[in-house]
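Heads up, the next two complexes both have subunit A, just with different partners, subunit B and then subunit C.
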Partner chain A sequence: GTERQRLVDNSGEWYFESQHAVSGEELLSAKFESLDYDTCENSLWAAEDQSRTVWDLRRIELCRWLVHLLIGVVTGAIAFFIDVCIEQLAKVKYRYMKSMLDRCIFHDCLIYALLFCLTVFGEPVAAGSGIPQIKCFLNGIQVPRVVRLRTLVCKVLGVLFSVVGGLAVGKEGPMIHSGSVVGAGLSQGRAASFKFDLGIFEYFRTDAEKRDFVSGGAAAGVAAAFGAPVGGVLFALEEGASFWNQGLTWRIFFSSMTSSFTLAFLLGFYRGIPNDLSNPGLISFGKFDKLDYDLLHLAIFACMGVVGGLSGALFNTLNEHLTKFRHRYVTSKLGQLTEAVLVASITAVTSFVLIYTVRSCQPLGSDQMEYPVQMYCPDGKFSSMAALLFQTPEAAVRSLLHDPVGTYSVTGLIAFCLPYLLIATWTYGVMVPSGLFIPSLLIGAAWGRGVGIGLNLLFPTHFTDPGKFALIGAAAQLGGIVRMTISLSVILIEATGNVLFGLPIMVVLMVAKWVGDYFGTGIYDMHIELASVPLLPWEPPSRSAAVSAQAVMSSPVTCLYRQERVSRIVEVMQQYGNSKLWVRACIVDGCRSPVV
Partner chain B sequence: MNYCLLILEMLLSLLIVGRSDSTGLQMVAVSAPTMSPAAMNCTAFQYALSRASAELTDCMCRAARPFTLCAHCYHTRAKYADLHQLLVKDNGKDLSAAPDGTSCRKYLMQLDSVQVLSRTRDFVESVWRSSNCNNCFSSNGGSSQNDSLPRYRSDLDQFFNDTTQLRECFANYSSASSNQSGPSIVCDKCSSLYSALTIRFDTLSNAEHTRDRNTHSLCMDAVDAMNATHRLWSEAYQCDSRVRSLQPLPLIIAGYLTAVLFYIGARGRGQFKQRKLLRQKRLGCFASSSGAVSGSASDVGLLN
Partner chain C sequence: GTERQRLVDNSGEWYFESQHAVSGEELLSAKFESLDYDTCENSLWAAEDQSRTVWDLRRIELCRWLVHLLIGVVTGAIAFFIDVCIEQLAKVKYRYMKSMLDRCIFHDCLIYALLFCLTVFGEPVAAGSGIPQIKCFLNGIQVPRVVRLRTLVCKVLGVLFSVVGGLAVGKEGPMIHSGSVVGAGLSQGRAASFKFDLGIFEYFRTDAEKRDFVSGGAAAGVAAAFGAPVGGVLFALEEGASFWNQGLTWRIFFSSMTSSFTLAFLLGFYRGIPNDLSNPGLISFGKFDKLDYDLLHLAIFACMGVVGGLSGALFNTLNEHLTKFRHRYVTSKLGQLTEAVLVASITAVTSFVLIYTVRSCQPLGSDQMEYPVQMYCPDGKFSSMAALLFQTPEAAVRSLLHDPVGTYSVTGLIAFCLPYLLIATWTYGVMVPSGLFIPSLLIGAAWGRGVGIGLNLLFPTHFTDPGKFALIGAAAQLGGIVRMTISLSVILIEATGNVLFGLPIMVVLMVAKWVGDYFGTGIYDMHIELASVPLLPWEPPSRSAAVSAQAVMSSPVTCLYRQERVSRIVEVMQQYGNSKLWVRACIVDGCRSPVV
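And now, the complex of A and B:
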């Protein structure tokens, strides 16, 4: 009636009657069930609990630690596998492409160089970065098939080929998802995809225990991806913080340290220097000589944070529209496949166009590229656009952070930034496993370095290192897009290796988040919303304290009596699903009513 | 006392004679091994060391541009290094005690915090190492003192021969083309030599390409010679022939068009997937939820 109508008018966040929500993005999806964290405390359970001896409990605790250790080791090993494969494949690819480019400048066969586009893509089922799914899982939503072994295999292979194929993706988000799958799989002692069951760890086969191990796995994934064990723990804290306790923190930290150590150990072994533990993560920002700053720098960093927030908001808005379009229209498997191929091809074409057009030549040796591309530069020089586009994105970020002054020009960097931003926002959401951290770091590092170069030109004595500004730009852009707070700061601090530089990073992330939040939410939250997942946020919607339950509950109310027939209960449960989400008990005149 | 002054004079005279020829003719014998078995005076040694380092710095600065440091300063550096080794390994036998009674090594190297002698040595060694000079010569390249310059490794030697040939080619033909404009005869006549030279240099530098990508360890003499040649070729004689071709343009346009057409096609087909949504039950509102088609086909995997 009128009362309901008034409610809709006053607080627009309650979408009762939306005339235009035909696709349902503002409504919630009914396919998601919640996980079951409560123990069913019946007499059977009580008897079992009594029958456990002290030694049994100790053994269970020891098993927990053992599983966390295994999670760390396996996650580190997976990260190693991904890194090595990408490195080898990329080497082959770039060597071949460089020889083609060199030859084709003279022999007019550029057209073939363009067609050579190594795009093999993974299965659509494990698409995206996986962070939204893990976030939902850790907060109690049962996302179907998110922690299956098959998902893991698809993810790992998919991310391998996406990165080598030259897509604007990173391997960190998928690493987090992989770690979570490892956590779920190892703790259960069975694999549903392949139908085998080891029969161990049966105590851990509850949703609550599984959730704890998935947190450990996610933290291990972050630690392996960034070389940031503490960042991993904080990521698990920030994303799945509803269920936390001290013992769990310590075990998760153990997992993430083990993961980081395993990766460093294996990489040291692979590079020929055993016991060289200097590669703790897949991303390495390299060694910074000096990262000093003063108040003036901080003020400039804050401005860069604003820019990061704005461009992040732009990125998210574009991606939101694209994602809605994809949900509605690009829905067949063939369509998704075609789209992935198209994205890869256009990425390659755009890279080529950029290298072709931007005239920016630097002497050989100033950048430590493995395959410098000369393109149309005079002999003895190479194209600095190629330094950004002809390497894996991680190497390009390292170039931007560490190359000496004069390697890049401001126009070249701006010319790189805008197309790459558009490509990255277009790529995220395509049905391939793709991480978002590295592309946004690359975009931010590019414009950040542009700012640094500009400042260096204006005040050469005061601003000597454009690499520092590249780092801040990267942090600002990443903060503007993902809007993570403490975990991202710690990840970046650990990746840089410089604690004192934590203050500028934190300032920048805060400013970027505030500016970005004014326009919308972070990208992961946005994808969760678009998928209509019933994820309960931290706070109730603002200005909703006056809304009574009567206004939002369904009517007529479905009632069950205190003593009820089993068939009636089963019928009601089947009709409304097993979801515990919306059950609200209200004792009114002897009637306990589940409200849907 | 007279004996000491005599030795000092001898040393100084030898060193001055050696120093006068600055283009690299080093005929000065290394002093320490040929000295008499009697121990050298510590102060005299200090002066000898100082002279050697001054000579070396002089040589290095002169050979800095064009960069021929490795070849020209090889013998000078060897002399300085030998003297310094003598100091470092001193155990009282070769060098007499310092004026205040302590051993010569302790006196010269361990009694003050500025450590000039050590710093000089560090400077010299770092320049030498950055120039990758140890990679320039074959193992016995510099051992004969009678040569004016040490011998390069055979492959580097060939490279330098080729460079000299190319420069001669430039010299021959550039005078002829000075009254012409545009791409000159130099570019035509010397291009085969130039290509051969670049290929040879690429082979050399790939051979030095170590696993750790951050080290470039080719002899700097060669690198600089190649850079100078590049500069001559591209800037002085303007012989670069890289012209942007328009051949890939149609394919690029076709690529972008395909992407646009794909999305237009997807929109045009209008296949609108409905989702299983959580609808509230409201009295009297079932049939009137506009446009809602509930409970249709299975959901697409939506969380990306």
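And now, the complex of A and C:
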């Protein structure tokens, strides 16, 4: 009996156990292969290893650094490209809207909707934020085509149009995915999508090396998206942390820093202030003059963390049901296209209704508003609701954080929050490249500012700065949805640019995670589960130590010998290849493939 | 032949190989045991694991969080205690000095020298910064008595007197060690030094659990020392990163945050501003109004990084030779005491000579100076050199970063730098608790400010703020000495309180590390090597894959059977216990101890 559990036997045979799913339900999808992150130490490898001179090793090390430098530069340049394009397209859109007034909303969105739907036909894996896929890749799951050049192109073009089209999406998540593709592509020196091969860096063409560069790329993506190089490194570690290595961390950090620097440098150049390197991210929360807090504030922030956790759990639950529905009924390309167009239209209609219903007219003159929209307001005034909805979402977040007291009313903010939450829930998972960070921040900043205004109404002498509460609300909402911990804290601290406000941000993220985790996992883990990806959790389930492999293995065990005819291997593969759950372990010459 | 390498054999025997040192040189010390961080999964363990209910598991998890909370609170409180004591003692010292003028210097230092030498007799392991020891502990080396309560007491009292006594030491490194002891002590619910046992948390009495709490404590220590909760977590990960686990990171973060918060809260209370939580560390670099930089600055900073790397390598080389000398000749307690007194006296004499030689008299009125010392200056003026030498080193660093242009002269700074570097080199390793961070920062800030002043003299319209260069110099010098990377960047960014200046800090640290690494390892690794600790490096040496275990094993191999008489085990242990190098591997019931 107990002998069955032993995977190593005396004669050095190569066990090969297969298993049909234990339950009727399909638990894990068979379409994912596992990547092999262990060096396969056979005699061929040893011979090659021995043939390398010290100079070869130095050259390889130098190439590694060089590739990490390139990853940073290219990722930064892509971020710059996205940023500038969106800025220019937004300008065009604004001019167009100004001249066409309300009629445009439909036009505008529909045009963009048609454009961004290239994703559906281009490369389905480019949809969404890409973060769950990258997380899987970094943890040893081969997600088909996730780091292909074609995916990158679809992602970048798609995100341009979905952001400018006014969908409830951000460009930050896709930036992380883009960086990862850059990392994979540059390190391999070839692009499978377009069938060219530079024939360089052949040494790096192993799964483990590729993973290292992909994590560098992901970090560079975060660094460019949020101007958070340290946050980028932590993101790569927290999400892809089935490995950890000081040397690698150091190189990832280098990519991350380069990317942030490249973006800041290019943006400075573009804006005519070439020496200004102080704004190194796609999103910046703007400059806060005074972010003081005391114990009372901290207590209120903690309560806001609870709200964020609850609201995040609501978001995730709604999204889970939607995703399940979508998996079942929206499977054809036409269906997916229709859904994308539908989301775009509903977004436009809702915006329109909101602006018409909530007449939040403000006198012009607030210089932070880049595109004041008059819409249904008397001359000399602009609609703050329209500003919230038609600026780029990043600018809207900044408005909520910094606009003077009185720009927004509590009712206006509530009226904005709820529909936007529903739309954002719906949008995440539609077949367009869409980041989740910015919509979450926007929802949170809106209700956070509402809390701040409310407190100020109750205690007129205290709580004079609603922007502070908007920032905390944003952190709470985002934390409640994604449930990242230390990396998110650092990302938000770096984006805020104020270390002293770090403690409240951490407290809020911690509370939001605790509360949210009570109801379920974070949205990325949820999507990984929904995709039936066989991702192993951090720790084995408690008290599983006594469960023997026998309990999940089929009987009789199928064995392959160390020397085996190809026909027999093919036969075994054909017989068990479609089984829903594989448990295999191969030991040959010290090479141990992970259990899938 | 190749069969000899196999550690597992068919009959399940328990191999036990021992090895006398290959070379004549003693490579590794036999006095260090290894900690066992793997769960020993035998049948007893499995039975206990099975007996636990879900509620037991929840209770344990709750206790874990509780202990991490306590670690944070206690570490923060200890930091508060140290800070307040040093402040009060410094006040006493200043009054005394003011009345006794120069005569005092000797008195003062000698009195304190006698006091801090309690370390020598109290607990030798409390000497130094404790960081190498904690690094060893976190990576699986049992350093005797390193996390004992007695060590903590000696450390805290010793650091008080060594800092106030005017030695070239800081209180930050010892704070990290103190935090680690708190982590170990609280989690075990007993103190071996004082023979009491609360009988609680018995579940946590394994090496692996203890390590987790110690890393929490180390993080809490960093958080309290530098007001850098994120830096603390990264420090624990970077230095003790042979493990990495999302759940653990999350708890470490909690300790770290609590500690920072506790310290800020207590300090706020003590200073009569109970709601001010904005200054959460022992050291703060003060508030910078404007830290802008451009590409030219960045290039200059990179050059300063080179200087820091070189000067750090010089520091480390000098310290290495001193340490070797000390290992050989200063071995008795009396010798160590004499050396400590000698260092204190030389420090005092040097200060005295410096102040007398460099008459840098400045008009009174600079309100940043807490204790202006008139010393050899005309009435109404104070000596800026004396201020540099007789303030607490933290205050001296702040002076260099923030004092108005003209307070220090280039010659004065150079005259300060070189002797101070030599004294700091000598002091690190003397038998007193001594942090390295502050002296390094002070040296770097001094030459950095010198560079800033020099540049301003050459280009009067540019480079008007020497404080910026002082900050970069401080980072370069510290980076050149300790060679920490990402954690140090974050610590410095958090201490500066300005995220936007993060990029220059990272660039400088990176350059300093590259340059420094060319000449040797960082000071902590150097001390670990000098202590002959068998710490395994991150990666095996390149091309070592083809070297078989046979090459380092003795012949014939000594075997122990699975069932063995005690007398035989004792016999084997006695025969091979003193061997200089052990290579052992035991496999019993799935429990695999690490190869030492």
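FYI, the second predicted complex is superposed on the first by the 506 of 596 C-alpha atoms of A that agree within 3 Å, B and C clash if a C-alpha of one lies under 4 Å from a C-alpha of the other, contacts with A are read in each partner's own complex, and residues count from 1 in each chain.
Quick note on the criterion: a contact is a pair of C-beta atoms (placed from the backbone, for glycine too) under 8 Å apart; a residue touches a chain by one contact, two chains touch by 3 or more.
Quantities reported herein were computed from a predicted structural model and do not represent experimental measurements.
Chemist: Contact-wise, after the overlay, does A:559 reach subunit B, subunit C, both or neither (first, second, both, neither)?
Modeler: neither
Chemist: Check whether A:327 is in contact with subunit B, with subunit C, with both or with neither, and answer first, second, both or neither.
Modeler: Touch status of A:327: first partner only.
Chemist: Examine A:500 and indicate which partner it touches, taking first as subunit B and second as subunit C; both and neither are also allowed.
Modeler: Only subunit C is touched by A:500; subunit B is not.
Chemist: Scan A:538 for contacts with subunit B and subunit C and give back first, second, both or neither.
Modeler: Touch partner of A:538: subunit C, not subunit B.
Chemist: Classify the contacts of A:254 with the two partner chains as first (subunit B alone), second (subunit C alone), both, or neither.
Modeler: Only subunit C; A:254 stays clear of subunit B.
Chemist: Touching A:345, do we find subunit B (first), subunit C (second), both, or neither?
Modeler: first
Chemist: I'd like to know which partner A:429 touches here: subunit B for first, subunit C for second, both or neither.
Modeler: It touches subunit B, and subunit C stays clear.
Chemist: Applying the touch criterion given at the start, work out whether A:136 contacts subunit B, subunit C, both or neither, answering first, second, both or neither.
Modeler: Once the two structures are laid over each other on A, A:136 reaches subunit B alone.
Chemist: May I ask you to decide whether A:85 touches subunit B, subunit C, both, or neither, giving the answer as first, second, both or neither?
Modeler: neither
Chemist: Per the definitions at the top, what is the overlap between the subunit A residues touching subunit B and those touching subunit C?
Modeler: Touching subunit B and subunit C on subunit A: no residues.
Chemist: Subunit A touches which residues of subunit B in the complex?
Modeler: 198, 211, 213-214, 216, 226-227, 230-231, 233-235, 240-245, 247-248, 251-252, 255-256, 258-259, 262-263, 266-267, 269-283, 285, 289-292, 299-304
Chemist: Write out the stretch or stretches of subunit A touching subunit B in their complex.
Modeler: Residues 16-17, 19, 22-24, 27-31, 105-106, 108, 110-111, 114-115, 124-125, 127-128, 132-133, 136, 143, 271-272, 323, 325, 327-332, 335, 338-339, 342, 345-346, 349, 352-353, 356, 363, 365, 368, 370, 375-380, 429, 431, 527-528, 530-534, 552, 554-556, 596 of subunit A touch subunit B in their complex.
Chemist: Touching residues of subunit C toward subunit A in the complex: what are they?
Modeler: 8, 10, 41, 45-46, 49-50, 52, 54, 57, 229-230, 233-234, 237-238, 241, 244-247, 249-250, 253-254, 257, 260-261, 264-265, 274-278, 280, 292-296, 298, 485-486, 489-490, 493-494, 496-500, 502-503, 506-507, 510, 538-539, 542-543, 545-546
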